[in-house]
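Take a look at the structures below.
In what follows, subunit A forms one complex with subunit B and a second complex with subunit C.
Now for the complex of A and B:
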């Protein structure tokens, strides 16, 4: 287990030092790490849930703002739980033989089975089924029984397969999203975007490759100014690109047909955590009735509801991105009687855009209105995993 | 004639009293602005003090108003076309903007007026034209003077072609100083009378009306191609002699269209005339073809080398122009003051060439200076207003004045404009605005505005406890300089960039913004990004207060930031200092598909503005046209 822990620590360090940025990259690394963790484990599903949850907590603690980590951990947990249930359906005998007589459990039994069946039939399961089922308990009791049986190998294999699928999904989501670009971009469209997003880039590329001609305004996205990078990449594909400073967004938005942006995370209420400045763009788009389209893979779907996201789900970046240290060194130590410094520099990394400002989410499984996000979340996550920190009582 | 409105005497108010009307006479009774205690909340929320510069009444008003704007001005490339800022209002008396490029043209064609006015008043018995009373000082300009021709042109009927010449000749003899005043009702009545007269004239022969139209056109239209113009004007106007004056009157109400740079023929013309040889930027944004965009940094060495050759431009003006070009002077007030001071210098060194009229020649000279300045950088609206003021002053110089006296008078006028309209106005704004700062406030400001800076410093001096959030944006990063000055004074500051506005807005209680101009529809024309900041503030229910001197108000309207704007150097957008790894735009700059766009201004919609603080008090954005109407005429062009 030591080598696994080393890998976990390595990724946690990277996250803590913000060496890994971008939700896609983080998601991929997390999923790969979890795959390694699972393959190293010789335990059954119940213990596996615990192990994955533990690793997940370490990673989340390393960068609580990077919601993709938590999302992937939850997805993996869900895979474990699902994989856990399917052999159960296959081998009813296994369950009954392992169950050595807890009375409380007896009562739940018929209920559980029917749920398990319904879940395998309707994949993904309905919200009701998820809320009513108690997979945690199932795991516990089954864990004891199913140890060291051939089905446990099969079960683990299934989980690894599931995680591989997840990684594959993360890798290919851009293409799936980009495939929808033609349905959203018409000829001579004027599109505005802010900062740099790989999803947006692929999306625009795809439309361009299909011979749509359109025009793109790229807001540079202070303080990182990654808009310049995107503009360069778009120009290489011979897209008509105009770089504007962030301050000109309001001036230009009246001539824009659509705003397409990539985001950091999508919250359960349909609001988004996005690179800083996005709220301003969204407000301007709202004012001019310009559709505000968010593109992003489902690994960005976060089952949490935002509470004061501007403060709690934000990162404060280095002030030197705004003010060079030399310039204001004489002001920095200037202090009044209270001893408080006179000069503060605020450089947040993220912005929260409320759901009412978002017109559409485009994910690899289709386009959705913000009000439908809760349903996608119930499809992808198990209700028990939504709060990862809370350990089960046992 | 309008039967409902009895003819008024001159003593009557010249404008209908609607909305915020401050009576001009009881100056003593209402509190002088300077007495307002800065700290106390004694100010009513909306208060327009009466005009402070009533001392103007004491100044000798010997001159008569200048002729009104003419509809034919699009024929000439007037400076007002070049600078998007200034547009002589129709009703403003400084309408000889269009003569800028025709120095030989008689400026004081207003002196035809005595004859015309007499004709007019005699033809309209009972219309209160008290000519003698009109000589006494009054601050309202006579506007509707366009309607001369009905009587006048008949007199000139035989000389249709030479009408303009004739008129010019007449002016020498008829230079009796005179001031007329018309109220709106009177003007309308006159118009209608003329229309009736025309209709009658039509009966006897269309020729007369045509002639009158031609005459009126050539009196007022001074196209730069002086040889061709009268005939063109005459032929153009043949169609509608009857409704001519009405149309003219209406046209006068709208500011003239600006120079559109996508009009190639006009751009060519302008280029031939220009001193600064600008190279057009290669890679322009399609949406902004109507705005001038030049390569930056190319023309400066050339200009510097020609410093001693450019005799038409006064060195002081030249210096200021170069400072505009390099960006050493920026900010509405600073640019305006620099321009006015340069003009002051130029006037000091001016001497009338032999056989030329001082006011005519000086106006032409000033106009050429202004067009030079425009080539360096398009004038801001405030500078346009200031130049309008100066021109009206020059035009209204009495002919009897000696050259030295005239020069002294102009210099003192400029001095007075700077002190009253800019320096004192800022002080008054600060006094008003400081009442809106309470202890514990968090004030947000964007960029660097002199008025806001003065306000913050003043509030700090008064001992108010507050914090300032300075929001800044690329490429200018003006906020850093403001930040340095504020921190230097011991004010607690938070610095951030424009994208983080919505993060910081939670803790902000007031937003103070500066403005380049306030337009008649309430839109605030200001540095780019202002609208974004105000929008976020509006979304967070934070009041937005705009500080703007009244001389920057303009009667133009604007809905977006695209129709009229200024384009800065696009290269500064693509170069991010300190981030060389992403400056890969540079090697791509020649690629035709990539265009950096550097807008300078932004039109902030009026619904985001809670209050505009001017030297006349604190008003909602809906009251801007009231200020433009009531005060502009009285104060700027009396």
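Now for the complex of A and C:
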């Protein structure tokens, strides 16, 4: 248990010190950590939910802006709850658990049950995997020593399998998304993107490899200018690439056929948290009726609603990305009497793009309209887990 | 992890070297200066909170994130406190990061501390030498790489110092951090440091560089816009150099300059300039202010309050750079302005305004308080109506209602201020004048310039505090008396019932208070300095050095202040004791002698008499004597010594020549009156006469005028002698 805590602390420290950044990387690390946590636990079902929730809270507190952490924790919790449900009596036990809780949860019950039904219908990856793996497990189990009850052992194995699938999903989401590139990118089209996103890069590569010929405009993505990096990488693949400053996006948008961008997170209302400058691109696209397509894995899907996103879901980076400290100090003047600096440099990392500006989400499970995001969220997350921060009153 | 990544990337070049040597750092948990006194008498500088986290935690966090694996913390002053902080913090339990404390009680300088390290024999390779008050987010990868490459080519490359660009002010010859302008000569090709001067004589306006430097090098670039970050990458030889040269104390004054002039050993020092990243060292109160603001404006990202680098606080960044905790006890009508940090569990009352400030944990701030540009540490109580501007208020200070802190005030731990004069009729509130420092510990009275370091007597510091507070609670008057005996300032300076000693700002050869204070430099000061500089350029004052020519200007300021105080006292009929207190506090803030006070008080009396209606010289004398008899107590307070009496006579003389010519015909009469009222004793008059004897005629007008009187005095004293 102590080693597990050490691992949790290590990841929390990395998150806190911003040594791990990017939603895919954090999602993968979180899922792997939770897998270790679960495999080290001897307890089952409800207790496991508590443990995972605890770990999740620590990780989320370490960097609240990295929403992927919370998403993965919720996904894992859902897997645990599903594992509890999958035996025939499971549905009943869960309901009885709900009875122990608050009266408020009365409302959730029918929702939960309908969720469980929709799960089986909509073939989410975790459940499919469970069903497939079950026979093997049973055979495997018969040869083992019986120090654990068969159901708990099987239950845990199912969960670990589920988490493994989740990790697999995270690892392969780029390829699955890229597979859909031909449906979206057509011959001789002009694509505009902003900054650098690995998902977008793979998406464009895939289209190029499949012999589509198209042009890419890359807005440089100030202040980090990662667009330059993307442009370099695209030209290596012999793609016709043009780098433009962020400020000329509006001027160029009329000759663009489609905007394809990567994002930081997709919120429950279909709005997105994206690298700074994205809102401007989306507005320009809307003005000229250019489709604004967001590509991203389902691990970016966040069940929270954006409340005051400019402030609460933002990260104020170091101003030295905009202005070197030497230049800044040149602007400082000793004759300023009040003591408060007259020059402030603010460097927010993210922009919020409201759902009405987004035309399409392309995820590894297909393309969706922003208004459909709420369905995906109810598929992937249990309603009990949406608020992780405060523990239930019980 | 950075360390691992770096290890991996460099492993290809020299794997065997890297496998054996983890990157080490020496952290000096002591600045070996007294600039943060009186605060540092009670707590070591590295534990002082900088935006609500101890300074040392910034340094350690940076070392850890920069990939340093082993840190030796050298604790000198208050070593127990530093060690117990580190033990209770998480720094001992980090993976891939070991912190070892080394205690050294007899080290009085950085040189001594490094000698201790050398004796321990723990440093095996290149190491980072840093002081525990440095804030940085620079990456060490590049500078280490450069250093190692240089070492391969030239084993004499002993040290690489990190510098950054920072424009100094041309007016006051100091940079934003409040340190003096640094002059450096660097070889632009090799980045070798050739010349380093951090306390050049600005009055002369020139520096001298050995022409041999120019002989060897094809080019030299001279900089005055660089700032030393005090982050050094050192080779192991540095430690042995310190051991060989036992007179090396200061890292820059002795060691660095020593290496630069020493051409026998041939050690070389190189520079590394950082551009986009941040590094700065807290040297004095001004840099404390500047660096705090830089942190709040996120230049030190990710070392910012909301990133939770050090502790689990729920600080959130709101619009306009406000860092607020989630459970803030804030009144609805309180206005919290931009660039403000509020700590955990702090309560803020109605209509209170806070801007550009840092408030610590657990403070309670009453209604109608205004706080601007100040640093309030933990558990401070500020009652209603207080005004605080550009001040530092340490842990546990209690400020009673209505107290006002002017810019630059420093209140050390647990100072108790009831800044209300009860006797004053209209309830006039106490105003702590600019640059005042108050501490519960007494200022050491006289110090040798040699032992300007603080920690010899410090081990007993804590015990003293408790006993002192106790004593103060019981009998204020008694303590006050004691202090008067020891030439220190009575506790009643802080209002009746207040506790604490007032420190005079400038001890030793330190610069004037405003240079290093937290407060921004007042515009008048700037104007003054510009004026002084212009005068220097004109050459109208060819021989005077900058110090002596600033004084008269300061004098007139001081006199005006005293005059205003005095006039108010006359108008409002304030008691003499209270006027004495106010004048004393002015005296402290302007760093004046008692003689100056006497002069200034006399000056204001004459001014008053001059303004009263009068028709003839006789009436004028009468008016003056009326004023003087009334305020005799005040004047007498400052005339305890012959020198001060002479000062008064001289002052009077000056005034008769310049501002109050009406008095010149009656000079002798007034002198007689002063003698008659026993304000000035005969010795003083005779001494004045003696002093003036050799002066030229124009200076002796008044001596001649008073000749008869002096003659009479001499005869009288001779008679007395004869009688005896």
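List of remarks:
Just so it is clear, the second predicted complex is superposed on the first by the 323 of 394 C-alpha atoms of A that agree within 3 Å, B and C clash if a C-alpha of one lies under 4 Å from a C-alpha of the other, contacts with A are read in each partner's own complex, and residues count from 1 in each chain.
In this section, a contact is a pair of C-beta atoms (placed from the backbone, for glycine too) under 8 Å apart; a residue touches a chain by one contact, two chains touch by 3 or more.
Bear in mind the structure is a predicted one, so any value in this text is a computation, not a measurement.
By the touch criterion stated above, A:257 is placed in contact with neither subunit B nor subunit C. In the superposition on chain A, contact is made by A:347 with both subunit B and subunit C.
Contacts of A:241 after superposition on the shared chain: subunit B is touched, whereas subunit C is not. In the superposition on chain A, A:318 contacts subunit C only, with no contact to subunit B.
Look at A:249: by the touch rule set out above, it reaches subunit B but stays clear of subunit C.
Judged by the touch definition given at the top, the superposed model places A:232 against subunit B, while subunit C stays out of reach.
Contact with subunit C, but none with subunit B, is seen for A:62 once the two complexes are overlaid on the shared chain. Shared-chain residue A:280: touches subunit B; no touch with subunit C. Taking subunit A as the reference chain, the count of touched residues is higher for B when subunit B and subunit C are set side by side.
Contact with neither subunit B nor subunit C is seen for A:269 once the two complexes are overlaid on the shared chain. With the contact threshold set out at the top, residues 324, 328, 334, 336, 340, 344-345, 347 of subunit A are in contact with subunit B in one structure and with subunit C in the other.
Of all the residues in subunit A, the ones that touch subunit B in their complex are 217, 220-223, 225-226, 228-229, 231-232, 234-235, 238-252, 254-255, 276-277, 279-280, 283-284, 287, 310, 314, 322-324, 327-328, 331, 334, 336, 340, 342-348, 351. Contacts from subunit B toward subunit A in the complex involve residues 285, 287, 472-475, 480, 483-484, 487-488, 490-504, 506, 528-529, 531-532, 535-536, 539, 560-562, 565, 573-574, 576, 578-579, 582-585, 588, 591, 593-599, 602-603.
Listed in rising order, the residues of subunit A touching subunit C in the complex are 6, 10, 13-14, 16-19, 61-62, 311-312, 316-321, 324-326, 328-330, 332, 334-341, 344-345, 347. Looking at the complex, you find that subunit C touches subunit A at residues 1-2, 61, 65, 94-95, 137, 164-167, 169, 171-172, 176, 275-278, 289, 293, 297-302, 304, 307-309, 312, 316-319, 321, 338-339, 355-356, 372-373, 390, 519-523, 526.
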